[in-house]
Amino acid sequence: MVDQANKLKSLSEAASLVDDGARIGFGGQPALSRRPMSFVRELIRQGRRDLHVFNMIGGLEIDLLLGAGAVASTHCSYVGLGDLGQSPHFQAAARAGSVEIEEFSEFTLVASLRAAGMDLPFMPWKTAWGSEVVSRQGWKTITCPYTGVDLLAVPATGLDVVVLQVSRCDAAGNVELPATLELSYDFDYLIARAAARVVVCAERVEPIADPTRVAMIAREVDCVVHAPHGAWPCGLGGEYSPDIEHLAETYLPATRVPSDFLDYLREHVHGRDEPR
Amino acid sequence: MVDQANKLKSLSEAASLVDDGARIGFGGQPALSRRPMSFVRELIRQGRRDLHVFNMIGGLEIDLLLGAGAVASTHCSYVGLGDLGQSPHFQAAARAGSVEIEEFSEFTLVASLRAAGMDLPFMPWKTAWGSEVVSRQGWKTITCPYTGVDLLAVPATGLDVVVLQVSRCDAAGNVELPATLELSYDFDYLIARAAARVVVCAERVEPIADPTRVAMIAREVDCVVHAPHGAWPCGLGGEYSPDIEHLAETYLPATRVPSDFLDYLREHVHGRDEPR
Amino acid sequence: MSTVGVDVLMAVAMAREVRDGDFVSHGSAVPLAGAALMTAKALHAPHVDFFYDGWVTPGETDLAALALDPGLARRSAIAFLSQAQIMELELRGGCDLQFLRPAQIDPLGNVNVSSIGPPEHPSRRFHGIAVADAMTIVRRICLYVTEHTPRVFVERLDFLTGVGHAEEDRWRERLGVTGTGPQLVVTPLALLDFAAPGSRMRLRALMPGASVEQVREATGFELALAPDVAEIDIPSREEIAALEAADPLATRQLEFRELRAGAQARLAAHAARS
Amino acid sequence: MSTVGVDVLMAVAMAREVRDGDFVSHGSAVPLAGAALMTAKALHAPHVDFFYDGWVTPGETDLAALALDPGLARRSAIAFLSQAQIMELELRGGCDLQFLRPAQIDPLGNVNVSSIGPPEHPSRRFHGIAVADAMTIVRRICLYVTEHTPRVFVERLDFLTGVGHAEEDRWRERLGVTGTGPQLVVTPLALLDFAAPGSRMRLRALMPGASVEQVREATGFELALAPDVAEIDIPSREEIAALEAADPLATRQLEFRELRAGAQARLAAHAARS
């Protein structure tokens, strides 16, 4: 029996729940906010490979995993770095054809995750009609038995694990709503509910006083990691802003030359002093 | 163009938006809470007939409409009066076969309303497999194009109008979350979003200070009615309790003899002094 | 054991079906099920979680107190679940156990919660389906009835509201649902179960004082016998104490026709005092 | 009118597409669209509503101020919409207008926001589909591009991300969608439109100073002419004043390649000061 009262694990224990080749999802929006970067760095330190990564607004977490060679495929409606522009490793991977890119729109991704969250194999849908996205991915249509209309059948996206970075959760895994609501904060819970396992990295692990502010209950969470400042160099709404200086002056320049990025990984991932 | 800033109408103007034969939905739970009873009384005063009534937990609003002879069919997963027992007019109508009863479970009703709220003609579903409910209503199955599994296709339930009783909304129609969350408070918004028109009856029409406490935005609401104590003799969470004395000692006894119920309607519906 | 009431016997038997760590889908206005749940939590299932009117695992476990003060669950709960959250959690197989009380049960554990008599002109009609179709998705279902008569246990349902073990459960696998259907039926006379999915209901154990013959006569279909049918273990002192602590006003009796009036009077008197 | 910049011309032309009472689906990081929206709201469309990073119709309409202080939208907004609420509102046809900037547009208003070159090995690749498929459901779509070249306006898209007026829009009726597709394309040189669903794009009006020949040369497919092609009404003093008030730092220029660096420097300087 899972100990429902205490799911606290170290960062390294939690990261070891992710297998090579896993389908792993993230939340967060905008592109430089609410990413579990400590967890992502630990995945890289542990040498995880062939990951299939999912997000709506993919950001730094996906760029870093791509740069570390840990990604086999991406499944997002956007991958970029927000105000800092394109995701350099995503751009390079796309041009080289070195990772598989499954294209979602925000709408079709939500449809797909909703299907998974309700344990349905597909969701009938309208928005992506006629798009090459649909034909290339081999998505099928389905005829409504009442109206005779042919709708798109968006297949359910089930994930092995979803990792979130949040402000506060308790040791049992009850996750508090953000103090400051950010755009699409609820996408975090949608993608988590499509996963077989959910890891929550929290700035603070402490009791939640107000039961109406619990966004996900303990039963929906498998593992809690105390990861203070765990979104760095991304920000976390109401807690801290993205470290634009690091991103613009250290990270982005390092992405321009492969050997420089190896140096970046050595210094800021493998060499980073953070609780593991 | 709809005046988005001021949708305030009198009770009688608002009730006149409902046509004879309309598909009308309500919210509220438990069975004696959050019912727009002033609005329902006004419908009866205006002589509305042949209504098709929808709710998850149908309560006093449906019993009263049935007792007034205003209902052609019911579409609920429950009709009753909670701690006060069965809904006498629903029981009588069922035994007499005098109104059509479409049976939903909570699950299939939510599926149906979700489909409508996403403008989809049906929702694939699992829970009601094999039930006579499905076969009697002629619901069809649909084969998943990916797994080959035959799922139930729950048809979308679109409604002409939904009427809610809430604590507070502003004149534009922004509806505030209840101060005290009650079981299934969110069902109110789900059913409202399946309707072509939404009428909100509010204890107080006043501005909402905190934007994060807006549950439905003005664009989702067509008409606002100031209906203080509008749920009476039902209660409203955080505002007032059901008037059990009236229900147990006046309402229920009157349901036992048709002529007594005519007296009840005369005194407590047609004769009730409430702002119209 | 004539001193142990049927409400106590049933509550304790049902409590024993709760496993430690279960997440229990708990409905409204089913105090017998609530009493079983709270008793289990106090004894062998301290890590059980459940929701009560949307509130997750309130610390307060006195059912009368919870029923009389709607704010008590809120003030002592860990979390609140919206209707959407509860439904989706159940759809994903997040609920381990649900107690369900049908009006009729057939030999395969299919249930009727809808109406008695011809569906078009029923002689009795109930509230509605509510969540009877959760039998497809909640992992284990414990059925219970507070009257064991041939009108409850019928060869053929007047209305098939929810499917139990039709088709030897092959439909469950085919459809890919998380529910395994009814595992046990608790009645005032007996515990009934199923040897295998698709096999007809059988008598598993007797309530103290009941006989095989009595149960068979009270059942409207041929009832097989499990090996070694015996009386259930009588409720222990600990079980009875835990039940009394959870349900001191015996609100559980509201679910029994012949005990309801007394329970209502007791609750009203208590409410007037407090 | 050489003193009026292309960013002003386009913002004003786009503002004129906003109708009073519209509910506008407004995306992130599209300040030119934002400037058009805020200008319209200040002038002919005071009852427009929209969402900005989830916040419904913030009272603050200075785009630079909103961009620099994330709390400003929150403090001046009427409501907040979750991602689920926004999506469902759009699916139900609750959004009247959306501005969308594709990388390629074909003669039927179909768009590519995905990549340039062969999809397996593109020469350029963009962020992703994001919400390009909202063209099926948002009631009116106003496309815009900040470069009018034959690489943008192509006979055949490198990747068909979102459908405009394929099949003479019969699919829209068949599917029962609320969107009517692209109504207008605003460019630095011209306004382009469609005479009817399914007819090829045509030149509707010229930006001041541009010629028919210039537009045709800059367009990678044969462009028909609408009757009476003329220059657009030049931005009025009121329009320019409203635009300057809404976007005093000209954040709209971030959407123009050749103006981006200047706008970034201006914003950075402003942020440092405040």
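Going in written order, the chains are labelled A, B, C and D, and every chain counts its residues from 1.
Everything below uses one rule, namely that contacts are C-beta pairs under 8 Å (C-beta built on N, C-alpha and C of every residue); 3 or more make two chains touch, one makes a residue touch a chain.
Please read these numbers as outputs of a predicted model, since none were measured by experiment.
Novice: Going only through chains that touch each other, how many steps at minimum separate chain C from chain D?
Specialist: 2
Novice: Could you run down the chains that neighbour chain B and chain C together?
Specialist: A
Novice: Which pair, B-D or A-D, has more C-beta contacts?
Specialist: A-D
Novice: Can you check how far apart chain A and chain B are, centre to centre, with Cα atoms defining each centre and the answer in Å?
Specialist: Taking the average C-alpha coordinate of chain A and of chain B, the gap between them is 39 Å.
Novice: Measuring from the mean C-alpha position of chain A to the mean C-alpha position of chain D, what distance in angstrom results?
Specialist: 29
Novice: Listing for chain D: what residues touch at least two other chains?
Specialist: 74, 80, 91, 137, 176-177 - these are the residues of chain D that touch more than one other chain.
Novice: Touching two or more other chains, which residues of chain B qualify?
Specialist: 119, 121, 126, 147, 149, 151, 181, 212
Novice: Connecting every touching chain pair, does the picture come out as line, ring, star, complete or other?
Specialist: other
Novice: Quick one: which chain pairs are touching?
Specialist: Chains touch in the following pairs: A-B, A-C, A-D, B-C, B-D.
Novice: Can you check the complex and tell me which residues of chain D touch chain A?
Specialist: Touching chain A from chain D are residues 28-29, 53-54, 70-71, 74, 80, 82-84, 87, 90-91, 114-115, 119-123, 125, 127-134, 136-137, 159-163, 166-167, 171, 174-177.
Novice: Note which residues of chain B are touching chain A in the complex, please.
Specialist: 119-126, 140-142, 144-147, 149, 151, 153, 155, 181, 212
Novice: Which bits of chain B are touching chain C when the two form their complex?
Specialist: Touch residues, chain B against chain C: 30, 56, 58, 76-80, 82-83, 86-87, 90-91, 94-97, 103-108, 110, 126-133, 136, 147, 149-151, 180-187, 190, 237.
Novice: Looking at the complex, which residues from chain D come into contact with chain B?
Specialist: 20-21, 23, 47, 49, 55-56, 74, 77-81, 85, 88-89, 91-94, 137, 176-178
Novice: So in the complex, the part of chain A that touches chain C is made up of which residues?
Specialist: 1-2, 4-5, 117-119, 121, 172, 174, 193, 208, 211-212, 214, 217-220
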